[in-house]
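One chain, chain A, appears in both complexes that follow, with chain B as partner in the first and chain C in the second.
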Partner chain A sequence: MQIAWLIRGLRTGVVTTRYPREPETLPRGFRGLPVLDVDRCHAADGCNDCVQACLPRAITLDAETRGQGDTGRESFAVSEEAGGGVLLRLNYGACIMCGLCVAACQSTAITMTADYELAVRQPGDLICAATLRDQGAHHESTASPEPN
Partner chain B sequence: MIETQSTAKTLEQLIRDVGRDSQRFATATVRADDLPAAARLLVREEGTAFADLFAVDDRDRSGRFQIHLIWAFDPSAAWLDLIADVDPTHPEYPSLAPTLPAVGWYEREIRDELGIEPRDHPLPRRLRRPADWPPETYLLRRDLDWSTTIPRIPARAEDELPPLAVAPEGVVDYPLGPVRSGVVESGHYTLRTVGEEIVDCRLQLFYKHRGVEKRAEGLSILHAPLVAERISGTSAFAHSLALCQAIEMACGAVVPKRAQFLRTLFAELERLYNHIGYQADLCQATGLGVGQAQWEILKERLLRLNATVAGHRYLFGLNVPGGLSRDLIPPVFGTIRRALHDLRTDLDVLEPMLLGSASHLDRLEGTGILRSADARAYGAVGPIGRASNIDRDLRRDHPYAAYDAVDFAVPIVETGDALARFQVRLTETRESIRIAEQVIDTIPGGPIRAEISLPAAGATGFGWAESSRGASLHWVAIGPDGTITRYRARPASFANWQAFPLAVPGHNILTDFPVIEQSFGLSFAGADR
Partner chain C sequence: MNQLPLLNPTDGDIERASEQIREMVRRLFKRSLHIRHVDAGSCNACESEIKQLTSPYYDLHRLGIFFTTSPRHADLLLVTGPITRAMEAPLLRTYEAMPDPRLVVAVGACACDGGIFGRSCLTNGRLSRVLPVDVLIPGCPPTPFALIQGLLLAVGRAEQKMRQGQIQPSGDNRAILGTPSPTPNGFSGVES
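Now for the complex of A and B:
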């Protein structure tokens, strides 16, 4: 029977993929990195549905007052925007990719992508922050979640 | 007090009040002092089994603690929840452990987490409470907030298990764990050996206590499944399913048919990757390297299938109270069907190869025997119980989701050894494929999620699911604002770990231990929560 296993093993050949030399794509419906489309987001108009839906408090919304972060995460703070509006932060380090924010968002501003490469070199890079202003908005995204 | 009550001939004589009286889940009130008598009567009933024992801090509503003893009545597919009030000023009740060995751990857990003392418990020592927590810190009392920082103290010897008697000459105590090679979870064993033979096994678990039940307190019912999924990643779907069913019972929600079928399909996809992965682990334990790789390939294919159909390799985020978070479109059913067909084709090749490998079977046969009487006494569930001649499967005996609409066999083996556990899982893999195919063939259309209306304050619900490791039982109480006030989860591994040390001594040598451990396939994190 040992021979049978040997033959089976040889017949199977190499099944490991060439990742990371070649990209490994995941199916479209995979719940990977969530991204926010700031043009669709109505946080500046008082909407906070995603914040309410987020169990690990990965999404936070603050009136933009420089120096005030959400409690406990000051060390992560990266935003240095000036001016009024609201500061929306998405902390990928806390996100559990449950997708409840996507379901909660009535303006479909948040989508889950199939991107699973979330490793970064600095903890601060795990926070994506955007300042959202009232109509006629100047949206600014200050940190990119993209690695590298 | 116990003596005066033990003359009761029937359970009805002990019951003081009947609460919820649904066909599937009935509650009744008994006096705390009558609990052992009730347990004695229940143990004698044919076709019934102990399910769970836990306590609830109900002081803010009734001013009392409550003990819940849940019992399964298989012939009528019903559950009975016996509730006994305990006075918080004298928090104690007579221990059931002398009657029912299975409750030994459960009572120690109640003692640890609510400070309710089981009188005459044979081993009143800490079970799961971290050794360096102050003695009066009761995690599941409502007045302790989950975010409280617990001060640390030096561990107290009087709360630890008594040390093993000093080994005489020639007897060697072999410590194993808690940190071991590979990605094995943390657990500490002391294996007492005479020569090669293991004569005793001491188990120390609970290094992975995350306070999952406490974390759920105060959460909205929408968020609760996220917590349940994290009890044990490889049983995520079964846990969230059982919890959602408990919430649905509390809220009186009726889950749409299509969601019931989809839940059945996902539950079987979870069982499949677990059972296939189990074979890989067992091959690793017996040193069958190529066999391990072959089963791992199948498991990876199933995980990728999960990612495709559910968006998550381990099926997180699917169950929501009232149904499911996503529907499947017809082409996806085709994908699953093809994957199942390929899996069956591979099983047709690999199964005979395993069954023909003497080096594999020799390591399993007669190894780690869990006798049927022990399995019964300690309440072993799932494939472990079924390999020790316990003919129970919640999918058949207490059908939930769409299990009453599909046909499947429940394999039972009598011998209780590693080979039996291997065979049971092998057969169940085939049956899972059959169930999944039947679901795909017969799934009705319609919505996948029902609206949930918040229940009256104090509503409770009980949910169950047969995970790949056995019965997963969940109980919730919902408060006035629709948030969870008490969450109780009894994963299958908690029940099975208690029986595990009984299978280790006796005609097993030290090198059999990895095989015994893998043949049980238990979850450390699952038992711990």
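Now for the complex of A and C:
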């Protein structure tokens, strides 16, 4: 009996992950970091399907939240350089990786990656933004978000 | 390291000194870290993932990180949930009971930014409204691998991958993520 256990244990080997030393690939279908392809996004043409679909309101357009006060989320400052464009912000801190924005996006601009290493030291590092304009998408850095 | 205290320290001096102290703290906890976990209104999804860390598969102990049941033995406070009003005072008591230097880690979307709960009459909405946060681990819930990365980041054994870490998951800079920010966002742990 004990011999059988020993043989089975030796056959199984070490099951512990070697994660920090070796990168770990998560199973297919794992929803990690959502990523936006700015070239395919139609937010500048008035599309806000992902904003509507987002449950924790992690995705926001600056035109929509202009002038709103503290709603318990980030107060989304209007970018100074966003003349004529819209500012699409994604707050990874609030994102629950549900994938509803991917399902809602008609131009398949948003994709879920399997990236899970999202820990940061500053809360501001979790907020990412892209400025979108009508003619050709621009990928610009934006003003830092104001704490509410 | 052994500099005389300056009479009129500038902001730069203070920042440099705080960065030095932070580096010392990280070095102190590099090989042995004891964690006290506080559930501040979590839905227990994060707890389920945290519990997996001590399983044979993830085996957090091989990294020198242990869970402890007393805040007096703890170096790091692991907080989950949207910080309900009921758990706010116990959380602060736990923090005060911990010996200095201590680290605070927010786990999950709720502790990072309110998640699906947000701010209400019953919740603070995020940990940084209550305590100074050192590391935030987003995710709903974060996988045990994400937790390991966050804990190692807290003690300076891992690199931050987002933003300053210049992560580019889609291979080019068209992704919304990795937008280079001109300055690190002034968005410190404790809000005024």
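The working rule: the second predicted complex is superposed on the first by the 105 of 148 C-alpha atoms of A that agree within 3 Å, B and C clash if a C-alpha of one lies under 4 Å from a C-alpha of the other, contacts with A are read in each partner's own complex, and residues count from 1 in each chain.
Just so we're on the same page, contacts are C-beta pairs under 8 Å (C-beta built on N, C-alpha and C of every residue); 3 or more make two chains touch, one makes a residue touch a chain.
Since this is a predicted model, take the numbers as computed values, not measurements.
Participant: Tell me which partner A:Val15 touches in the superposition: chain B (first), chain C (second), both or neither.
Facilitator: both
Participant: With the two structures laid over each other on chain A, which partner does A:Ala4 touch: chain B (first), chain C (second), both, or neither?
Facilitator: So A:Ala4 only meets chain B here.
Participant: Who does A:Leu118 touch here: chain B (first), chain C (second), both, or neither?
Facilitator: It touches chain C, and chain B stays clear.
Participant: Is chain A touched at more residues by chain B or by chain C?
Facilitator: Of the two chains, more chain A residues are contacted by C.
Participant: Name the contact category of A:Leu26: first (chain B only), second (chain C only), both, or neither.
Facilitator: Both partners.
Participant: Across the two complexes, find the residues of chain A that touch chain B and also touch chain C.
Facilitator: The overlap between the chain B and chain C interfaces on chain A comprises residues 15, 26, 30, 55, 96-98.
Participant: Within their complex, state which residues of chain A touch chain C.
Facilitator: 15-17, 19-20, 24, 26, 30, 33, 35-39, 55-58, 70-74, 88, 90-98, 111, 113, 115-130, 139-142, 144-145, 147-148
Participant: Residue numbers of chain A touching chain B in their complex, please.
Facilitator: By the definition above, chain A touches chain B via 1-2, 4-6, 8-9, 12, 15, 26-27, 29-31, 53, 55, 96-100, 103, 112.
Participant: For the complex, which residues does chain C have touching chain A?
Facilitator: Going by the criterion above, the answer is residues 56-59, 62-63, 109, 112-116, 118-120, 125-126, 128, 133-140, 142-143, 145-146, 148-150, 152-153, 157-158, 160-164, 167, 169-170, 173-189, 191-192.
Participant: Within the complex, which stretch of chain B touches chain A?
Facilitator: So the residues of chain B touching chain A come out as 219, 222-223, 226-227, 288, 290-291, 293-294, 297, 307-312, 316-317, 325-326, 349-350, 353, 356-359.
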